[in-house]
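So that you can tell them apart, the chains are marked A, B, C and D in the order they are listed, and the count of residues begins at 1 in each.
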Amino acid sequence: MPAVDPSAERRYVLTLSCPDTTGIVARIAGFLAEAGGWIVEAAYHSEEPGHSEEPGHSDPATGWFFTRQVVRADSLSFDVDELRARFAAVAADLGGEATWKVTDTGELKRAVLLVSREPHCLHDLLGRVAARELPVRLDAVVGNHETLGDIVRAHGVPFHHVRFPGPGEPKDIAFDELRGIVGDPDVVVLARFMQILPAELCREWYGRALNIHHSFLPSFIGARPYHQAHARGVKLIGATCHYVTENLDAGPIIEQDVIRVDHGDTTADMVRRGRDIERMVLSRGLRWHLEDRILVHGNKTVVFR
Amino acid sequence: MPAVDPSAERRYVLTLSCPDTTGIVARIAGFLAEAGGWIVEAAYHSEEPGHSEEPGHSDPATGWFFTRQVVRADSLSFDVDELRARFAAVAADLGGEATWKVTDTGELKRAVLLVSREPHCLHDLLGRVAARELPVRLDAVVGNHETLGDIVRAHGVPFHHVRFPGPGEPKDIAFDELRGIVGDPDVVVLARFMQILPAELCREWYGRALNIHHSFLPSFIGARPYHQAHARGVKLIGATCHYVTENLDAGPIIEQDVIRVDHGDTTADMVRRGRDIERMVLSRGLRWHLEDRILVHGNKTVVFR
Amino acid sequence: MPAVDPSAERRYVLTLSCPDTTGIVARIAGFLAEAGGWIVEAAYHSEEPGHSEEPGHSDPATGWFFTRQVVRADSLSFDVDELRARFAAVAADLGGEATWKVTDTGELKRAVLLVSREPHCLHDLLGRVAARELPVRLDAVVGNHETLGDIVRAHGVPFHHVRFPGPGEPKDIAFDELRGIVGDPDVVVLARFMQILPAELCREWYGRALNIHHSFLPSFIGARPYHQAHARGVKLIGATCHYVTENLDAGPIIEQDVIRVDHGDTTADMVRRGRDIERMVLSRGLRWHLEDRILVHGNKTVVFR
Amino acid sequence: MPAVDPSAERRYVLTLSCPDTTGIVARIAGFLAEAGGWIVEAAYHSEEPGHSEEPGHSDPATGWFFTRQVVRADSLSFDVDELRARFAAVAADLGGEATWKVTDTGELKRAVLLVSREPHCLHDLLGRVAARELPVRLDAVVGNHETLGDIVRAHGVPFHHVRFPGPGEPKDIAFDELRGIVGDPDVVVLARFMQILPAELCREWYGRALNIHHSFLPSFIGARPYHQAHARGVKLIGATCHYVTENLDAGPIIEQDVIRVDHGDTTADMVRRGRDIERMVLSRGLRWHLEDRILVHGNKTVVFR
C-alpha cells in the first residue's frame, strides 16, 4: 500500500490527450460538474492540425487535444477508484486514441535515483526531499560507485552499489542487477548517471526515466559537453532535462535553462557553474513529473506549469 | 466602423470573471459546445478563498474564477453580436458579480500613444506596428513636446502637440485638450509620458491606460528611479508595465522584467540599458491588453499568456 | 594554523581601494612585475567623482579606485608574509586612505553558519562544501533550534544549539553564547537565521557577516516578504545577499536574482519557488566573499566577478 | 574627415592582444602613467596555456593576453596620432605577434546596414541611432528588396536597392554592386540580410561584418531555425550575433540570448517572439563592436563589457 501524505490537501489529478474535436472540454467539465467536482486547476492545449512544418512531416488531418484537471478529493462523494471507473466511460466517448490517467496526491509517488560519482544533483535532491519540497518517497539510490553511499544513508535512504565493468566489457549483468533493484517505481531519475541505458530498459521505463544532460540540447550531444561549449565559444551554457529514449540525448525535452558565461570562464568554471543549472532543471523536471504536469506527444512534451 | 484585419484567422475572445463555484467551466464549455464552437485556446484560474495573508485582509468567504476562451469565428453559425446576446444569458446564471466581454479579432483595436521627449518606447512601438507585430491601429500620438512629431508622421500616424504649462501652473486646460484628442480608444499608452494624469482621467480610462514605469515596482516609486537604484547599489534594474490608477505607480502590475547591472554602470548607463527593458515590458503588456489576456481583479492582474 | 588545500594551484589575491589618481595601476603592476609576479587575473574599477546624484550626496572632489589582482604563488621568490610586507610600502605611497589586503588561496577560509529551522540554504551549502564547490572550511553551524542538527553532524560538522528566548524577552545572554561559539572566522553566514543581530555584533562582524534576504531589496523589507510580494501582485520575486549592518536589510548588496511568478502562484508557491533563488544568490555571494571578489565602499559593493 | 561628436567626453580606447608573459600590464600602465594618462576603464584577460581540451587542439606552449584601456583624451598632452606613434614602440617590445589598435571616441564610427524584407532589426537600429543610443553614423542601408526604403529615407539615411537574381543564378554582379556601395566602413551589419556572402567578401570584411542568426548557435544552423526549434520541442529559443566568416553560421560568437517558449507557441509565435531577442542581441553586439570591446582570437571572442 502506498504511503499517504496527510499534510497536503488531497487532490485527484486527471490528465488526458486525444485527437481534437468540438466538445471535449464540455464533455469532461460536464462529467466533473455532475459529480460535484470542485476544479482547482484546469489547463488545456490544442495542437493545431499541420502546424508542424519540419521537413518530412506528414500533415495530420486533425489536431491533438491535451488537458490536466485538478479536483479536490473532498468535493466528490466517491473515491479515486470509482472516479477512474466512471471516467473510463467518458474517455471511451473520446475515441480509441485517447490516453488518460487519474492520480491521487494522497499517494506519494516513489522514485529511484541512479548516480555515479558526481554529487551535486544527488545532494540537491536529497536536500529537497528532506525539506519536503518534492512530493515523493525515495525508495533507493543506486550508484555504480560507492562514493555517494554515506550521504544517502545519512538521509535514511537505502543505497545500492552495482559494479559496472570497464569500457568494452559487456554490461548486461550489471544492468540486470540494476533493473532488479530499481523494480517498478513511478520515476527513475538519472542524476548524472554516467552509463548509457540499454534499449530494453529505455523501453521498459518509457515515459518515467528522467535524465539531466549538461548542455542546452540539441547542442553538444554526447560526451564532455562543457568542453565542446568552451571550444565553440558560446556565451551561454545550459542544461536539459528529458525523458530517456533509445536515441542518446534525443528524447522528449521537459525543461531547459541557461546561464551566461564569458571569456574568463575556463572549462572547469563551466563545469562548476553548469551544476547550478543542472540542479535547477532536474529538480523542476522531476517536480512536474511528480505532479503529473507533463504529457508526452511524439517526441515533444506539453508541460502544464 | 472599426477596421477589419482580413489577414488573421478571425476569432472571438471571451473573458469572464465571477465568484467561484462548482460547474462554471461546464456551463461555459457546454454553451460553446452546443453552438459548435471550436475552442482554440482555453485558460482558467481559480483564486482560492482567503489565500491572501497580508495584514488587514478581510478573508473572503469565496474564491474568484477567471477564464479566457478563444473560439474560431467560422465554427459558429452566428455572428459576434449574436454570440454576445446568447452568452449574456449564460453569464446571468453565474451571478450578478460576473464581469465578461466578447471581442472579435477581426476588429482591430485602436490605440492612442502619449509621449514626451524620450523617444525609445515610441520608436519601438512604431516599428512593431509597421512590422505588423501588434494587432492594433494607431489613431494618434499626442506629445507634450514637438520633438517626436516627424518620426510619427513618417509612419503615417497623426501627431498632436499639446503644450503643458511649467511646474506649479494649473494643467486643467492642457489635460482637457488632451482628453479631447484622445477620444475613446481601446487603449491609451503612456509611452514615457512625463505628466501625472489627473484623477478624473485615471477614472475615465480605468483598465485601458497602460503606463511603463522605469523601475522594478514597488522599488523606486516616483521620480528618477535609476538614480535611486544607483544610489542603493542594486544588482538588477527593471521596468514595470501597469494600469494607471489614481495612486501614482501603484496600479495593477501587468508585466515586469529586469537586467543585471554592476558597479561599472553609471546612472547614465542604467538609463540607457534600462530602455531595453522598458521597450520589451511595455510592448508585451500592450500585446496582452490587445489580445484580451489581462483580467484585473482588485489591485492585481490575471494574465493568461 | 589554517588548513592548506593542496589540490588548488596556489595564488595570492591582492585587493586594494583608494582615492583615484593617475598612475596607480602602473605603481602596482610595476611592483608585481619587478618581483616577477605572474598575474592570472586583474580587474580595475574607477568610480568617477561626483557620479552619484542621490539627494544629499556631498559631491566628492575625487573619485575612488578599486583593484583585485591574482598572482601565481610560484612566480614569486618570497612567501605571502613577505609579499604583504613589501606591498605595504606600495600602499603607503597611495595615501593614507588606501585599504588593502593580501590573501593566500592555500589557506582555506573558515566559516560559521547560523541557521534556524528553514533547511534549504543549509542543505545547499553543506552539499556544495561536500562537493568541493566552495573553498571553505565549515568550523561550525549554530542553530536556535535543534531541528537541523542531524544533517549537520552527518556532514561531519559540529552543530551547536543556542536557545533563544521568546518575543519580548531580552536576548543578550543568547547572543553572548552565540558570539562565543562563533569566535573569529573569516565569514559568518546567516543562512535564513531568523534573529536580528544586535548592533554590537553587526559592528564586530562588519564586512564578514552575509545575510540572505528573501526579497528583491529594497522592496519588501522586513517580515514575510513573500506575503508582501503576493499582496502587491508583482510578476517577479527575488532574493538579495548583503552584508549585515545595523540597519535591517539595508546593508551593502552583494548579489540579487529573480524568478518569474504569475497569478497561479499562491504565497506558499512563492515561498517554495523563492528558495531556489535564495540558495543560488547566497551561494554566489559566499563564493565571491571567499574569493575576495567583493570590495565594500560606503553602502555599496564592487564585485569583481 | 570623420564626424566629431562633441557631446561625449572624448576618450582614447586602446586594445591589445599578444602572447602572455610577465610584466605586460606594468609595461602598458607605466607608459600611460608616464604620459599622465587618466585611465577610466581597464580590463585584462589571460587565456591560460593549453586550457582548451577540444579534440585535435595542439596545446600551445604559452597563453594569450588581452587588454582594453580607456584614457581621457584631455589627460594627455598630445593627440591620438602621437599616442599611436608612441604606443607602437611599446607594442614592439611585446613581440611580433602583438595586435593593437587605438581609437578615438571623438571620431564617430561609420556603419552600413544590409537588409532584406524583415523589418524588425532595421527599425530597432534606426530607432536607437535616432535616440542617440549608439555611437555610430549610418552611411547607408542596402536592401535586396525595395520594401524598407521609405523608413530608411524617413530617417535621413541613404537607401540603395541591389537586385539579386533568383536561386541558382550567379550573384557575382549583385555582390560586386553591393561591395561598391558599402565601401570601407568600420562595420557592416547584416540585419537579417538573407543572402550568403561570397568568400571574398567574408575575407575583405573579416572582423567587421556582424550577422544576427536567429537561433542559439550551434543549434539549428542554416535555414528556418525556428522551424527546427519547434520540431525538436526545445523550451528556450535564442539568437546569436557573430562575426561573418566563410563557414556559414560558424564565425566567432559575440553575444547570445534566449527566451522561454512552451507548447503553446506555434512556429509563427516563435518567429515573432524571437525577434525581440534578435533585436537585443544584435544591438548589443553592435554597441560592443563600436566601443572596441571585442577582441577576436582564433574562432572565439573576448568581450570586455
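In this text, a residue touches a chain if its C-beta (ideal position, glycine included) is under 8 Å from a C-beta of that chain, and two chains touch if they have at least 3 such contacts.
A quick note: this is a predicted structure, and the numbers were derived from the prediction, not measured.
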Of all other chains, the one whose Cα centre sits farthest from chain C: B
More contacts between chains, B-D or A-D: A-D
Centre-of-Cα separation between chain D and chain A, whole angstrom: 41
Intercentroid distance (Cα basis), chain D paired with chain B, Å: 36
Per-residue overlap in chain D, given as positions that touch at least 2 other chains: 41, 48, 264
Residue numbers on chain B that touch chain D, as the complex places them: 41, 119-120, 123-124, 126-128, 130-131, 133, 151, 154-155, 264, 272, 275-276, 280, 283
Sites on chain D touched by chain C in the complex: 22-23, 25-27, 29-30, 32-34, 36-44, 46, 48, 75
Chain A residues touching chain D - in the complex, by the definition given at the top: 45, 47-48, 51-54, 57, 66, 216-220, 224, 227-228, 230-236, 238, 252-258, 262-264, 266-267, 299-303, 305
